[in-house]
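Shown next, in structure tokens, is the structure this report addresses.
Should a chain be cited, it is by its letter among A, B and C, assigned in written order, with residues numbered from 1 in that chain.
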Amino acid sequence: MVLKTMKKIKENVCLSLLSISLLGGILTGCGNSSESAGKENAAVELLNVSYDPTRELYVSYNELFCKYWNEKTGQDVTVTQSHGGSGSQARSVIEGNEADVVTLALAHDITAIEEAGLIEGGWEDEFEKDSSPYTSTIVFLVRKGNEKNILDWNDLIRDDVAVITPNPKTSGAACWSFLAAWAYQQEQDGQDEPATQEFMKKLYQNVLVLDSGARGSTNTFVENKQGDVLLAWENEAYLSMQEYPDEYEIVAPSISILAQPSVAIVDSNAKSHDTQEAAAAYLEYLYSDDAQRLAGQNFYRPSNETILKEFSDQFDLGMNLVTIEDFGGWNEAYKKFFDDGAIFDQIYEN
Amino acid sequence: MEQQIVKVKNKRGVKVIPGFGFSMGVTLFLLSVIVLIPLASIFLSTARLDFREFWEIVTSRQIVSGYIVSLSCSFIAALVNVVFGLMLAWVIVRYEFPGRRLMDGLIELPFALPTAVAGISLTYLYSDQGWIGSFFAKAGIKIAYTRIGITIAMVFVGIPFVVRSLQPVLEKLDRQYEEAALMLGAGRTYTFFRVILPELFPALLAGFGLAFARGIGEYGSVVFIAGNIPYKTQIAPLLIMTKLEQYKYADATACALVLLLISFALMLLINSIQLHMQKFSKC
Amino acid sequence: MKKEATQEYEQDLVGDGINSIQKVIDPHKTEAAHATKYVLISVCAFFLFVMLVLPLIVVVINALRDGWAAYTEAVFDEYTVKALQLTLLATVSAVAVNTVFGVFASYLLSKFYFRGRQLLSALIDIPFSISPVIAGLIFILTFGNVGWMGDFLKAHNIKIVFAVPGIILATIFVTFPFVFRELLPVLNAQGKDEEEAAALMGAKGFTIFCRITFPHIKWALLYGIVLCTARAMGEFGAVSVLSGHLRGKTNTLPLHVEILYNEFNTTAAFAVSSILVILAILILIARNLIEWKRK
């Protein structure tokens, strides 16, 4: 008898838990999407889908923006943040993650959202400087003292040097590194492509571990002490330096690439949430002096020249930076270098 | 021994026990909602490719090398798990010693620890600078960033499957046969291999299959320790992720489908071997 | 349970003299057995230590690397607590659904003979053999914008992926066969004579289940639930694909760990991982308590 009742109770509990959780889940889901009905002085909610290392930046920036927006309009605004690999974040927006704004690592990822029909064409010109409020570049992180004397790209193909970089097929940073190395060798060889390809092959033969993301590579280099040099985002290299001040140093190669993380309003979502105005202001305000300084403090290069100069002791402003336009834009570069069967795949064949 | 009873068809051909319809209903409903309907999407998505495209994608050199790495490593990992899993289950069920309960409880840990954390920790231990890895590095053996590393991560995620498959069967195992064998003068080793092991074999096989299948699909922990060098240490799930990163959904699901079919065939094979063996031992 | 069994066994042997006879016949056999026992125990202990305990130690050391204050700060962070709540919700749902499913499905497959049993059993096992990445993807391809149900759901303003229901669904999916797999061998071994007898004597289905079947499976059920809970808490791959990583909304603990890690916040990442370890230990204690109470 006791067993019977116990079982009964148990079953009831199970069933009610099940229904509660499923219902609750669905309700929260609905709730989120219908909240935007409130207007005027009601709070605005924004969802900013961004990539991995920008969290600290946006935590401070959101505070700054909320204050600014409240003073300007009297409205309260709450910003929900989402971080992950740039490519998978873009995918999540395409697949239904209802972002109002995206602030991703590559213009290519935003173009993918545009192609899915969620962002209107011409977003690159919607904000200043190709819609890139801050930029970054690729630098070398080496162990303190730089015993192997790694100074530029041609040192990376020496037999005694082991390189750590992520896989360009899964990591944006790795694409930039690849292109920077390519640009360097093109200049050395006078645009001779087969020779450059041979150089790249040697370089990738020196790659010890090809992690799937930039963070994985940093971990391999910093925590597991693999390799002699890490090809890293400038801002991530500074973060590693901050964590282990006495163990690493940054080497700026003679040529590198200007990486332009891009921002855009996801028009179709902003429209259905009725947040266009706030979303536009959110991205616009990234160009304000305060926000630009914030970017600099988080090791991103401010796109505002005057404010960039304020950080001249932090960044090596003498680097020769090529841009993606030198490769004919992202789509072309991607097709040529990283698509299935393209140059990167050829490097690893045989 | 008793397991066969179930498999033999009820001779009267009548279902005596009530509740068939209801349990069938609940089972099929939940199975469809949670597993089958979402799973159909893989087929739908792959169907966007015609057969030639599909074949080209799943037989491209990188993908095939990925399958080989995943299959070979998880096969070895599953074998290792069978050996140690059997020992663990045996020790936990049959012996009484301090720390037995702790040992028992530890088995589930690989489940609770997020795979990424497991991967990071294992790499930390097994890289040539790590506590265990440096030991092997002196002997010239590299563990992390090689296929050995991949295998170790797969052993980690697969242990609970083998132990927990064996444990209930071992507990229910009737000791009369062992005792009889021992009394009849059989050695312990002989008894173990001839009397106990055949009894455990179905469960062992099930555990092997589960650990193997889990290893094939494992992503989170393996990517950190694998090194991911194309044609050498790139696993199949990573290649699927790569396809996704390139927004090639159909390609990704095509590769996933092949992986799924391999695992499914394996499961069916193991199930039928189990059935076959039971029929034989029945006679 | 096992302790009891062992004691009984030993008593049995001593009592009816089998053991003593054997000892008389071949005394060094038991000595060899003792040696085997200790060798086996040491091998297992060593294996567990290297494979499971050391990674844990790494987690703990890294979690405490910046001191206790940093640890508690990471653990009691607002977003960690929210992630913990979501993880618990997903886990409880998964356990509830899978327990109901496991009990019915194993009852069905062990007590009845019907065509397609093998196939059904293999279908139930699919979530085991599917890569977690794919598991997440199938829900996206079903319920997401690109999925075939996407338009319908959007029209009715129902969000499944990138919201809590999706996370719950994915968690249920990856742990789907656990309870079933634990129950099936036990029910198979038990056979169905008792149920048949009860049915012939006129007992109703529910009574048969509660009075006859359930007592046989309750411990296996417990194992299944423990396994399911552990796996549900730690699930990362599938959930990661369809969560959207909305901070404070759709981040489970393992996702929160990943995000912290990716932000170069290693210590906090390991500190949050340690919560999962603590939860696993709590489950272990709970299970032992129940087993102990049973005596």
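In the analysis below, a contact is a pair of C-beta atoms (placed from the backbone, for glycine too) under 8 Å apart; a residue touches a chain by one contact, two chains touch by 3 or more.
Here the structure is a predicted model, which means the values were calculated and not measured.
J.: If each chain is a node and each touching pair an edge, is that a line, ring, star, complete or other?
T.: complete
J.: Contact counts by the stated rule: is the higher one at A-C or A-B?
T.: Result of the comparison of A-C and A-B: A-C.
J.: As a quick test, compute the distance in whole Å between the mean CA positions of chain B and chain C.
T.: 15
J.: In whole angstrom, how far does the Cα centroid of chain A sit from the Cα centroid of chain B?
T.: 36
J.: Please set out, as single numbers or ranges, the residues of chain C touching at least two other chains.
T.: 97, 100, 146-147, 209, 261
J.: Where in chain B do residues touch two or more of the other chains?
T.: 120, 124, 241, 244, in rising order.
J.: Residues of chain A that contact two or more other chains, please.
T.: 88, 94, 223
J.: Considering only the defined contacts, which chain A positions touch chain C in the complex?
T.: My answer: residues 3-4, 7, 11, 14-15, 17-18, 21-22, 24-26, 28-30, 32-34, 47, 49, 52-53, 55-56, 80-84, 88-89, 92, 94-98, 116, 213, 215, 218, 223, 236, 239-240, 243.
J.: Quick check: in the complex, which residue numbers of chain A touch chain B?
T.: Residues of chain A touching chain B: 85, 87-88, 91, 94, 112, 167, 169-170, 207-212, 216, 219-220, 223-226, 339-340, 345, 348-349.
J.: Taking the complex as given, what residues does chain B use to touch chain C?
T.: Touch residues, chain B against chain C: 2-3, 5-10, 15-20, 22-24, 26-27, 30-31, 34-42, 44-45, 84, 87-88, 90-97, 99, 101, 103, 105-106, 108-118, 120-122, 124-125, 131-132, 152, 155-156, 159-160, 164-165, 167-169, 171-172, 175, 179, 182-183, 187-188, 203, 206, 210, 213-214, 216-220, 236-237, 240-241, 244, 249, 252-253, 256, 259-260, 263-264, 266-268, 271-272, 275.
J.: Within their complex, state which residues of chain C touch chain B.
T.: By the definition above, chain C touches chain B via 1-3, 5-6, 9, 18, 21-22, 29, 32-33, 36-37, 40-41, 43-45, 47-48, 50-56, 58-59, 97, 100-101, 104-105, 107-108, 110-114, 118, 120-134, 137-139, 141-142, 146-148, 169, 172-173, 176, 181-182, 185-186, 188-193, 195-196, 199-200, 204-205, 208-209, 220, 223, 226-227, 230-231, 233-237, 253-254, 257-258, 261, 269-270, 273, 276-277, 279-281, 283-284, 287-288.
J.: Could you pull out which chain C residues touch chain A in their complex?
T.: 89, 92-93, 96-97, 99-100, 140, 143-147, 150, 154, 157-165, 167-168, 207, 209-211, 214-215, 240-241, 244-249, 259, 261-264, 266
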